[in-house]
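Chain lettering (A, B, C, D and E) follows the sequence in which the chains are written, and residue indices restart at 1 in each chain.
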């Protein structure tokens, strides 16, 4: 983490003294499982994300990535440690953050368009305006003609994209994205990645991005952090991505530096995944 | 698995015909020396039909019907509204709910028939004491279902809505309410009937008009035909109200997938 | 010795509102232990009203009923053969009274025109009674509105709230209302005088009745029951209010022994002394029904089949 | 949002104390010349308590309590079992359900008080006619909820189970039943109360023992204290049954996530 | 499709006359959307999968892949065309098939272990046996210590793996898998892929595999088919994968033939995805 603090920001350049957008300090998260000892999902670990920084989290399945995001969102109260948002300790929900959940989280009783529009309406936007902006966003995620569908009438990837539009339309200062492009094909993934990067470049959001696609993580991020296999998962690697901005998410994969980074991170990650399986590995 | 509406109606009529046939048979043909459905207790379908027609033709029924309708609708609307409101409120205030939980259950268990004098004392003999009786039945059915319905809201959808920054009021409108709707409608189908039962029992216990009064009067002079005619009108009545509820339900629940298992 | 002859020593008996003074002889018979003395084991079932106890009799769930004599007549029109064997109340015991506040405006039955009259239940004997009175006073039956106010506290509530202008009811409601000073009595059929004024004679009220088939199959049982009630009537004839109060459950006292004794005293005359129903009383009862329910043809009723005096005769013979 | 059990109890007792205080006040202190809760209609809490104690001490209550308990439990068990069984059956046979739908609703709307003589005719004066009355209330509440609960089964989970090759019976056990459980329990909480109401009303309309009989007797002689004492015992009673239902519920529903919104 | 019929099977060698395990002939699938014209998701298209053949389906998001699988499973009745399973027309559900759904489909009221065991129990296996086998499978998917968890206590990737075990434990003759490895990290993906291939090699299952990871599709399959963008999606490409078996899913990516195939397929796929966006593309 210290590394990250010392490096100048990759995008814009906020004052060195400015508090980080997200600061997780020594947070530990446990789950109570009735009739069993407490399950310590995340051991005390720390992660800071500066304003305007794009940080990806990778790690073996079930290590605690979603849990970390939930803690940042204020949906889970950590058993220990502190969560601070722009320097202020987090109490209750994180109002600055937009969160794209790993699971389906659309309201099944609203159409795609309404699902996006409601995100604006609750902030006080007039309905007509909200609908117009929502339609705009649906177009951006390639669903212009699906606005009047209910979630159950959409494919998995379509639902995810509606969710993406729902989060982005509000323009939150902190973005928490849990495998946002998981159910998308490679090509759509790149289009969405570019969309996200453009948006991020515009107003220096802080992004915490969970993905299983290491290439994607490198292509998009300023830093890639690796979590160890759970239980008691910790952040065990923190790789600054010193590739030039702005990036073309497709072309950048041809850069030799990209491949070097990939190999470095992959080696550490691979070792970690194997641990999950231990002798279980087939 | 879909069935043509015409065929459905045919089958429904068939059921009615069989039931009425059985009734007529039981009331008029002795089996082993006794009647299955002695006329003294069951009248006969023909007589009941004649009486129903006569009640409508002579026009005496309208006044009673109107009063009972008013009471039923009021009991239904007030009871459901209160059930929904308090159900939501309790669901959102777990401590409040925990504190009042035993009392709600106690009150639910009090026999309404016994409470009738108190309702009359407070509300007089007019329609309001009957409405109160109906409300006291409807309320609990709706209340428990709404309460449960709110607690069954999908945690992910709720978390998402809260992350969007919805206020309690907005959560209610956009999440709790739509999510609890199917629970609510399930309870409304039961409570339509109970609203009517409440009104009729209220009239039965003390009134000067209404279907319950008619039935009670018929009972007092052992006019079973009158009793059954009254009940028949009652039942026809509730179907109409329920039809209204179902229409609203279908409009409000357009968003749901076809009922499971319908497709294959 | 007698018990050996009784065909059905385990009896179920139905009544609609046992604590009512109307059914006082039943409570006394039970409390005085006369049933047991006669070798009978009687289970008393209390119903929501007289009509329900009659239905239970016809349905076969009770063997005997103490209920209104009027039922035996009405059942003839329903092709049910129900017969009384002994009279318990010779006067209806129904009181028509008006609310104090209205007392100066309603002085006779004819003044009830356009008023709200509380009755125990629509179609019940209290309802029929006022209808009868109105008819006799030259009014039509729908000249007043009748409101079922029920038996207990709700009747008092209705009067207290001023929901009804007049009431046609029984004891203990009437006594309670009098005690509360809420009413003025207009017609009182608890007394000989009042009843004579209305009917010109007796008008049987509570009787013990059976299904005809039951009487035929269990004559000894019926006889034993008749004996019990005859004995009770004789006891009641001589008992002081004190004694009566002492022989009913304390809860029946309306929370006040004196009030209860006052009520007993008021109803005193309405209890039959000899258990008999004579021809004139039968006719009077019939006219009460047919005046108010024109659908019943008096000619179709065979009054001799409503009362079977043979058991009473034997009971009397035995009693003397 | 969690509350300590001791504190909860304290708050609950506080509510009771306030309510009883208000009752005592209304019954004994005149406000503007009249009593808010005239003793004639409401008795006083102290008297009621005394009577309850006396009923238990003298032992007269036990017989009545036992009969009512039997009736209530039978009505509850039979009514819920029938409601569950027929609810499931209808939910799985949509055509059957569609055909009988209006009739079920009609029957639900019939006032039970009027049906009492018929129950007595068929079932005699013993406990069974009261049980029938209770069943006729419980059944519909459970039925409608189970019916809806089955229809609310997650389509994906259902499809998955069917792909596994589950037979109708296995689907019932492994999918419909667990999925409908929370609906069922919601309806059970309502119907515990209604089972008791049914039993008591049945006794009220004709019986020789039971709490309803006691209350009826007391009512006939203006013994409000007796009425309230009876109702109090009733209510205490239902809490015990409901406590049992809740325990079973908690055992059967261990698998569910914490109620939404509990964590933050 | 004809191509596929003419080629000898890659795995074992069933008689040429044997009917295909799955035969979709000219099937068309539409969805009724109240108040709107019928949505023709899949235009008449055909696909045959022989016994012992491993076929992957790739295509842009929302094109109709899941829909095709649903039709094969018998969960959706096609508006036109025929579905035959081992030569017999499909009526009702496809009893020969195991289906891993794209969405979460575990029974929330059963623990992970019970969710797997039930799949055997309904077939008549004794409970003790079923539990033992289920535990075995949980171990294979790396969840040996999570048997007593309820689904909501598992991470997204963990749930998916329980689902995988649930399908595989029954040993169905036809496997329908809808993005089975979507929420898994790259390393776990490979382990699961190898697991699947081993199983498939043992008893010549027919596999229909939907994925967005083209590398994965090539590494695992005998054939990769491409669907066009919807609506009226069709199969527009059918690429036999002539890589030697048995394969090591990791090493095979170094094979030059692999890369050639990848490029070929990718070019066609890319063109297709762009169509989805049309002028909507950001």
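Note that in this section a residue touches a chain if its C-beta (ideal position, glycine included) is under 8 Å from a C-beta of that chain, and two chains touch if they have at least 3 such contacts.
Since this is a predicted model, take the numbers as computed values, not measurements.
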Query raised in the report: What chains do subunit C and subunit D have as common neighbours?
Result: B
**Report entry** Chains most often in contact, by C-beta pairs
**Finding:** B-D
Query raised in the report: What whole-Å value do you get for the distance between subunit A and subunit C if each is reduced to the mean of its CA atoms?
Result: 85
Report task. Could you grab the centroid distance between subunit B and subunit C? Build each centroid from C-alpha atoms only and quote it in angstrom. Result -> 37
**Report entry** Geometric centre distance via CA averages, subunit E-subunit A, whole Å
**Finding:** 28
Report summary line: Touching two or more other chains in subunit D are residues 41, 113, 117, 121, 155, 159, 162, 204, 219, 254, 257, 264
Report task. Could you list which residues of subunit E touch at least two other chains? Result -> 75, 93, 103-104, 152
Report summary line: Touching two or more other chains in subunit C are residues 55, 59, 152-153, 157
Query raised in the report: Hey, which residues of subunit D end up touching subunit E in the complex?
Result: 156-157, 159-167, 170, 174-175, 178-179, 181, 254-257
Query raised in the report: Of all residues in subunit B, which touch subunit D in the complex?
Result: 1, 3, 8, 11-12, 15-16, 19, 38, 41-42, 94-95, 98-100, 102-103, 105-114, 117-118, 121, 140-141, 144-145, 147-148, 151-155, 158-159, 162, 182-183, 185-187, 189-190, 192-194, 196-197, 200-201, 204, 212, 215, 219, 227, 231, 234-239, 242, 257, 259-262, 264
Requested in this report: Going by the contact rule at the top, pick out the subunit B residues touching subunit C in the complex.
Outcome: 38, 40-41, 116-117, 120-121, 124-126, 203-208, 213, 216-222
**Report entry** Footprint of subunit A on subunit E - complex, ascending
**Finding:** 31, 33, 36, 58-62, 66, 102-104, 139-140, 142, 144, 148-149, 153-158, 161, 179, 182-189, 191, 194-195, 198, 212-214, 269-270, 273-274, 276-277, 280-282
**Report entry** subunit C - residues contacting subunit B, complex
**Finding:** 49, 51, 54-55, 58-59, 74-75, 78, 80, 116, 121-124, 127, 145-150, 152-154, 157-158, 160-161, 163-164, 293
